[in-house]
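Next come two complexes, and both contain chain A; in the first it sits with chain B, in the second with chain C.
Moving on to the complex of A and B:
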């Protein structure tokens, strides 16, 4: 038994460290098309102190450390490209505090979306959080780290905009806190401290977030989804603009897909509406469907498809079972709203070239300040050719994002290279200096955001 | 064995590993898959098991003792099937059982599993205790050998051999006798029902057991069977018909509830207890029976029935299913499912944890001791609670 294994077992315990082929196999994979790479060890710590000790050990031994949350990014961001220690953080799953009046929650890094949703529903029914369209096993911290967005992105923006504070284990093992908690106050705000936003969007290459304070948001008593459809993709940007002007919706998504065939080439909208009373709901519905979208119905450009009370948890993984294949991956982008028609048309072309039925989605962020536009490609996990086909389509789409003037959201290593090629040279240099300063031995998630 | 020849070779790759399978209905935590709750490594999640099975069948990884333990740690509780949003969800446990079957075929089993199966073949029970003592639990009682009675009371291995479970078998027998139910038992002639053998992937031995039992039952003219254990209930109800075993099968809670409704049982003693009921997997998720046990408890004066947060379809398995009652791959930790469940019962404010399964009974009694909460929580089978409520067992027992 090697000394590193023994050291890791001494830090956690023998049950939560493994160098056995089964764990190394399972943790070598992302759920998308990324090529697998085996770690040398899998470790599942339970405390910040254990994370510190593991990182210090890795520094001494010069071993890579790859932090893993829910593992749902689908972009291969937690695949141990250079081996080393795969740090499964899901045992750190305590909800430490919910402050009802100041509307924030302090969480450990392994708390899942489903866990927080459930906790708030049971103990703080007037509060909610912006839940991404990911499976409930996705973690809150993992989503924040990749600048995720959720079903309250229209009124409140990116989930990473809702951070009130962080506890981070640096690549050299020190623990730092950021936000109001750093001066001994409660975790109620990230402002007005000096800006040291060094950890969001870096994919775990600058440190390991072990605690997070995230803003919670008002939960209305009644929540539901309205549906609307138009046949002209060119109308989508103005509909986004008009709907956001009303400030009556919680979430606005446009999407189109080849399956089912009757819906192909149509642009569907889901508009989440929330209210505390029937009167409020009726008013909002009237403003959205009659006053705002009524003109499209009158002109024969669109149709109202009804309103369903209650929000069904997204079952995004159903996409994976297209043709019983078991896999999908998407390119996400942050894109100006006006680009929706071109994103849709070009996405369809790519899908058709690769013989994959197209699926595209645009979620409105802020008051139509941007959208997260995603192109999804299903594949059959049992058929390497379809995996390769999806991977090629993804790479093509990465290029498209930049060509259209967008930014790739949570790019994998291929997309990261494209971004770095275009990045302002001074910004590149600054990123390199920051990385070198924080992680002098380059042990944190190597292979990601690497600047030569 | 190649993946192309595997019974689920065209399905097993469809698991996306999205993780819905780890949750209960209300999403409160990711600890509703017993092996994942115990070890919290992705290998032990439902998706981990399916991906590892496929990798082994595909030749990407070799068989190891650890691989086999990961597969055999699944309690076949079916929480994954309830939560998985994909269309193949009905086959998830079947895939695990089939992969175990391939290990059986390959002759590569963990020692504890091999021992379990050998004992069943040699002795008709997984304990390795002689057949001649199987009926000893009923010695000195007036329980009759089956001889054309309306019902065969099938006690099962746990109820026959385990000292604690025997008490629930005796309590049930007392209730049935007093209610005037015509029933008899097989004593030393009873054989293992094979439910766990089936779930361990030993289909050959299961067929032998099923055919042996069916032949015996038919030879005796058995038409109706009452089971103490939901595991036997499941085997007789869902697997035996394929071998010609077309009997009317009742779990004992069905029978007691029927006797209550017919006025043949009248609970009198006031219990003054707060009871939480644990849904056994093979009665609940496997056979969709959630109400009969609760109706019995609600009918008992002084029973304050409380629900644990995870109940009915979301009940956390005790960790004893799929052979784990004996092979014990999930024990030895405060994260063991049974110990987690005890803490959930205490959180619900229960002073009694009611069960309807002899395996759950023993798993939880051990867990109560491990948690050191014997003073706070008693574990009782519904048969025992009902017998007490009918004044047949002293409250101190």
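Moving on to the complex of A and C:
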């Protein structure tokens, strides 16, 4: 038994560390097309102190450390590209505090989206959080680390905009706090402390977030989804614009997909509406469907498809069922809303070239300030040829995002390289300095966001 | 191509013009009604084609069996007068396209129950009531091979039905059924009314779901314990295509001890669920549909209904929530029957 294994076992106990091949195999890949890479050890800490000790050990021994939340990014961001210690953070899953009146929750880094949702439904029914379309096992911290967005992105923006404070273990082992909690106050705000912005969007390459304060939002008694459809993708940007002007919706998504056939070549909108009373609901429905979109209905260009009570999270993962073998990955981007028609058309072309049924989705962020536009590609996990096809389609799409003037969201290593090639040289130098300062030995999630 | 058997002579000699004078959505006197239906028959534009709520009721009101609604739907398409917006038509037409391979045909050589495009509702055809009948179309991936297509009447796309329905019939016939119990009365209406009106051959014997349920309940009479519930029945638009089978609703209720409450909107005067109306192009359709649903449910409440019984899954989906929010339990007819024979209904939530 090697000394690193023994040291890790001494930190977390032998139950929570492994170097067994069958377990290393499980942690060697994610659900997308990224090539697998095995870690040397998997370790599952329970406390911030244990995380600190593991990081110090890694620093001493010069071993890579890769933090893992739910493992749902699909872009290979938690695949241990250079081996080392895979830090599975799921055991750190305590909801430490929910402040009802100030509307925030303080969580450990392993708390999942589903866990927080059910906790709030049970204990704080007037509060909710912006839940992404990822499976419930995705973690809250994992989502903010990649600048994720959820079903309240229209009124409140990116989930990383809702961070009130962080506790971070630096790559050298120190623990830092950010936000009001750093001055001994409660975790109620991130402002007005000087902006250090070192951890969000860095995909675990600058430190390990161990605690997070996230804003909670009002949960209305009735929440449901209204649906609308148009056959001209050119109408989507103006409909986004008009819908956001009403300020009546919680979430606005447009999508189109080749399968099932009813969605093919049409642009469907899902508009989440919330209300505390039937009166409020009807008022909002009237403003959205009759006053705002009524003109499209009357002209015959758009159709109202009804309103269903209760929320159904967007399930891009359904795409995995389109081809035998159950695999899928998507390229996400942050795009100007006006690019929707081109994103749709060019995405269909790429899909058709690679013989993959197309699936595209655009979620409105803010008051149509931008959208997260995603192109999803299905593949057969048991067929390397289809994996290769999907990978090529993903790479083409990465290039398309930049060509259309967007920014790749949570890019994998291929997309990161494209972004870094175009990045302002001074910004790139600053990022390199920051990374070098925080992580002098380059042990944190190496292979990601590496600046030569 | 299949042609509708519609005889304008019958309208000329009709004294009531009930097809349009009884319409619940348009105020039309007898003289205007005759004029408009004949205009439609000649292929001319009529306000009726624009205002039609597509509730199917005129099929029942016409005492000559002259199929005024099939005529309206056919001419709407011919004249390019669509009751719903263009994208909704495209969506609906695409909806019925099978995309998960061919159906697995097994020869049954006995009675079958066709659950059509409602494979996810197989929990509604469980228990003793369904012993001895083999369900088909239980695989969600293949269900559109069994979908009767009649819903395209709501979209003014009669041609889709004519194009696809014969293939559906062929698929069902390949199972070699001795008879086909139709889970949804839209299917029953397709095979007994629409096909007859258009000269489409149906090589099997369709059986209405309620007739089947009634006969099974009679066979299981010893097991029946009165449900002692006050019930309202949500009559679906498609039952207007087989009004001769509507009497089984009352017979079933009598047999299982369900008290049918006295309502204004019942039998021939029933209000449709308004699901087809809310997406129409006419201004105020969404709001109008919501108001009609409320009117319908208020009527159930006034009459003291404890339970609202559905046959059509689309009605259930459209109206079930509103019914429940008004303190009335929505339930499918088969579940109510299962309750009567001491079984726990799967959808009884």
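Note that in this section the second predicted complex is superposed on the first by the 446 of 452 C-alpha atoms of A that agree within 3 Å, B and C clash if a C-alpha of one lies under 4 Å from a C-alpha of the other, contacts with A are read in each partner's own complex, and residues count from 1 in each chain.
The definition used in the following text is that contacts are C-beta pairs under 8 Å (C-beta built on N, C-alpha and C of every residue); 3 or more make two chains touch, one makes a residue touch a chain.
These numbers were taken from a predicted model, which means no experiment stands behind them.
When both complexes are superposed on chain A, chain B and chain C end up sitting side by side without clashing. Contacts of A:266 after superposition on the shared chain: chain C is touched, whereas chain B is not.
Shared-chain residue A:31: touches chain B; no touch with chain C.
Taking chain B and chain C in turn and counting the residues of chain A each one touches, the greater count comes from B. Looking at the shared chain after the overlay, A:285 reaches chain C, while chain B stays out of its contact range.
Look at A:20: by the touch rule set out above, it reaches chain B but stays clear of chain C. Look at A:309: by the touch rule set out above, it reaches chain C but stays clear of chain B.
When both complexes are overlaid on chain A, the residue A:112 reaches chain B alone and has no touch with chain C. By the touch criterion defined above, A:135 reaches chain B but does not reach chain C. Aligning both complexes on chain A leaves chain B and chain C separated at their closest CA atoms by 10 Å. In the superposition on the C-alpha atoms of chain A, no part of chain A is touched by chain B in one complex and by chain C in the other.
Contact residues of chain A toward chain B in the complex are 15-16, 18, 20-23, 25-27, 29, 31, 42, 44, 70-72, 88, 90-91, 93, 112, 114-115, 117-119, 121-122, 135-137, 313, 315-318, 320-321, 324-328, 380-382.
Listed in rising order, the residues of chain B touching chain A in the complex are 10-11, 13-20, 22-23, 26-30, 39-43, 48, 51-52, 55, 60-62, 64, 66-67, 70, 85-88, 333.
Chain contact summary for the complex, chain A toward chain C: residues 229-231, 259-266, 282, 285-286, 289-290, 294, 296-306, 309.
Contact residues of chain C toward chain A in the complex are 82, 84-88, 90-92, 94-95, 97, 99, 275, 278-279, 281, 283-287, 290, 318, 321.
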